Amino acid sequence: MTELTKGAQLIPNGMLDDNYPRNMWWCAAHVDEVTDRPMARWLLEKPVVMYRKKDGTPVALDNRCPHRWAPLSEGRVIDDQLVCPYHGMQFGADGVCTRVPTQSTIPPSAKVQSYPLRQAGRFLWIWMGDPDKIDHAPVDMGYQVNPDWSVVTAYMEVDANWVLIRENVLDLTHIAFLHAKTFKQGDWENPASVSMEGESIVYRQDFEPSPLSPLFCAGFGFPDGKVVKREQEGRMPSLAVSFSDWNVHDIAAAPGERIDYLVRGAHIVTPGKRGETHYFFAAAFDVPDVSDEVLDQTKTNILDAFNEDKDLLQKIQRLVSEDPRGLDFPEINLGADGAGVRVRQILKRKLDAERSA
Amino acid sequence: MTELTKGAQLIPNGMLDDNYPRNMWWCAAHVDEVTDRPMARWLLEKPVVMYRKKDGTPVALDNRCPHRWAPLSEGRVIDDQLVCPYHGMQFGADGVCTRVPTQSTIPPSAKVQSYPLRQAGRFLWIWMGDPDKIDHAPVDMGYQVNPDWSVVTAYMEVDANWVLIRENVLDLTHIAFLHAKTFKQGDWENPASVSMEGESIVYRQDFEPSPLSPLFCAGFGFPDGKVVKREQEGRMPSLAVSFSDWNVHDIAAAPGERIDYLVRGAHIVTPGKRGETHYFFAAAFDVPDVSDEVLDQTKTNILDAFNEDKDLLQKIQRLVSEDPRGLDFPEINLGADGAGVRVRQILKRKLDAERSA
Amino acid sequence: MTELTKGAQLIPNGMLDDNYPRNMWWCAAHVDEVTDRPMARWLLEKPVVMYRKKDGTPVALDNRCPHRWAPLSEGRVIDDQLVCPYHGMQFGADGVCTRVPTQSTIPPSAKVQSYPLRQAGRFLWIWMGDPDKIDHAPVDMGYQVNPDWSVVTAYMEVDANWVLIRENVLDLTHIAFLHAKTFKQGDWENPASVSMEGESIVYRQDFEPSPLSPLFCAGFGFPDGKVVKREQEGRMPSLAVSFSDWNVHDIAAAPGERIDYLVRGAHIVTPGKRGETHYFFAAAFDVPDVSDEVLDQTKTNILDAFNEDKDLLQKIQRLVSEDPRGLDFPEINLGADGAGVRVRQILKRKLDAERSA
């Protein structure tokens, strides 16, 4: 990785390099993506294959056969074992080879790396660093499987470094410009106030009554243009996850009617190949039983908006990659970068710790 | 850049490397390309954004926001200022930031580089080196905006180093082979004589009466196959520009009728991304009021011919890029390379001067 | 080239590097591909142009004009000479320039490299190393032009290193897995026995009676599902060529009827650009006058099967190229790798010899 304090950047983000810690939980997949058929995905620049055993246990292995390096994901799952497509070696969920079709002896070194997987909310989380260093659980996302909430999830492959997305979702002032035609929530005249609560970055900001973004009205059962008071609150408990809470108050609620609502966005990023990021997203309304029609439309609208981010971030990544000046270019921080700058500080601390270990 | 006198090449052209001087005027655009909407173009391996102020002044800025590096060309022009598409910072024509939407203070370092632009003929010229070193004007192209002339212009993006195009247009003997089916002007049995006039390379060559290339007959109002005497004269006043004059004499002109005609090609090249060149072209007949139909057809015919060059030069560039021997391959000079060899000598002198400065 | 005994691999194959000997015959083309029109092909990472003289002699030259590096294959053949498309220099079959259109003197250094070509069977073979080191003929393939045999040939461009194909065709146990739906010959429970006969790798294996692969039934005039006894025998007389003999015995032949049949596959590989391989193939039945319909169908079926190899080998190549661990990844040898491992030993010996010479 590029040195984190070089050149003209205050705290360079290393977006062209290998800039992710290994000893933490990253999101590997939505739970529904992993089935009894092998599925390939690059995670932290490694090829991984995932599948699910008959009892439902998800499995993640290096997607590269130790014999002649065939991608195991091209093979089949038989009896909870993965069969290589090339010469048929079989591997169990622990990565150990259990069968070589053309011989009775199995070489003791015949195994692939197996990675710990855990479920949290609607996602599966993988630990690709040293398994002896697992000292915490993935971030709690229980609300995503709580029937009191209505949830939509989405996935995007973004050809940009994960830090670009992380900074994007922690500075909502861009909504006023980049999403002027989708979010239609232009009242970001001031930056949020940012603080640390333990290891988590937290930002908070109050807004005067104004029409709520059309992206969220339907989920709450509001008519478009509904005027509400908002408090925005964000929280990044892990480099892999941040939550964005829109606390919405119905200032015209009749006596006895519900006043307070919440829609929580979860922004989940995982480095894939160099310069590519898996971006998982969940939007959850604290309202039960929102209809599929409303959720589907909400998802479509959110994807329209997030594609504006994807498009711009990809252009930034390509620009920086193609510009011979690369990362050696001035970078100015604004007041609204409070959360983003802390991301880089946390990242630098974690990388320094891993690399000196 | 590869050393200019290495290996088997007499004067290698460094076509795989960064091989262009900065302290000179290069063509940035045709005047009509720059409007009140931002336009992106890579020039000398830098991303540049251009737009025009309300009073018509053209502006060129670094196309990379100093905040989070968004391409400014994705934003909008408001009140002669460029607004970043991401968080809305505004920059004036001098590159200085004039507004940060979420704060009242503007960081003093908030600016992008602004590049001098000047108009000459139908093109805009940019100085991307040290602005204090501007010691001359762009090459005069006044004839292109003189109503006594009829002019067509064209633009091509060529995936080849600019020197390949420069050498191509300074050795017209290739017309007999590469353009046998388009130019149909096969009478190049001898090389031109080449000399220096001040800083300009000049070549001259006389031809016996023969049918004029069909590319130019219509522009002069001649029937196809018209037999004329020709003197070809070329001039390269700058590495960015060369002129190719076809002096044509109507040897069958009736007494009192016009005898002498001239069509002048301007070959204008600008390095873009590595290995890519912007190729601007103007063909001008010293005949007023040639009809649009004739000019359009002339342009189509010229593009057919120049696409033969483009196709071959791209194949050469790709061949040299893919061949592990790269630039380290024999290169023989012929008598017809007199002008081309001087291009490399001038280039080497300029690069040496810039690099030792 | 990567050191041949590095890291975790027993005998690394250097598949990401330049890993081919030069002083040997490699296949340049099928005889029918080379005609009186120039044909371009990258061989051993060099651009080569081939054509045929009027008397039928095939010619191979460096496909890069020594003047301004145009690909000669874009030009024309005139009087057994190749004419450069750019400025018309002419080169004879020995690569020496015989004409410069714009001058009477030909520079003595004006020549391109000419490569020896020889025919064997239905293919042309090229020697791209030191021509003084030619000490043997290409592998004999006389059976391919013997009317007692019926032959189909095919060609594929594979985006994978040639060693991957070489190892693939020398370990037929993969047929049981990768080709389960095409070859349908699943009886590979044991590895073949492998030995050296002189410089040739040889493998042999006997099979109990079982239905013959549908790929070969029609060529022999057998109904699909015909039960036969088989002896498989392979032979690699050169890194460029291996033969795979399927000796088939009709155990239900009526007295006096033919019992023994042979279909011989020839697997011919040539490195092209880095990471790309030309794969020529011939399947020959020792049966005269098999109909074109049967041969065409056989070719289609074989290509279906070989595309399974191509697809997987390309995925392996891409996986190893994209995985930052590259060649530095464990690689286990199985009993069935006897022939493949000898390939690497021969390759290492040859490369060491060439590089120390």
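By written order: A, B and C. Residues from 1 in each chain.
As a convention for this text, a contact is a pair of C-beta atoms (placed from the backbone, for glycine too) under 8 Å apart; a residue touches a chain by one contact, two chains touch by 3 or more.
Please read these numbers as outputs of a predicted model, since none were measured by experiment.
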| item | value |
| --- | --- |
| Superposition rotation for chain A onto chain B, Cα-based, multiple of 5° | 120 |
| Self-contact between copies chain A and chain C, residue sets same or different by half | different |
| For chain A paired with chain C, centre-to-centre distance based on mean C-alpha positions, whole Å | 47 |
| Multi-partner residues of chain B (at least 2 other chains) | none |
| Residues of chain B defined as touching chain A within the complex | 18, 42, 45-47, 63-64, 66-71, 74, 83-88, 100-103, 107, 109-110, 273-274 |
| Chain B residues touching chain C - in the complex, by the definition given at the top | 167, 171, 173-174, 176-178, 188-191, 312, 315-316, 319-320, 322-325, 329-336 |
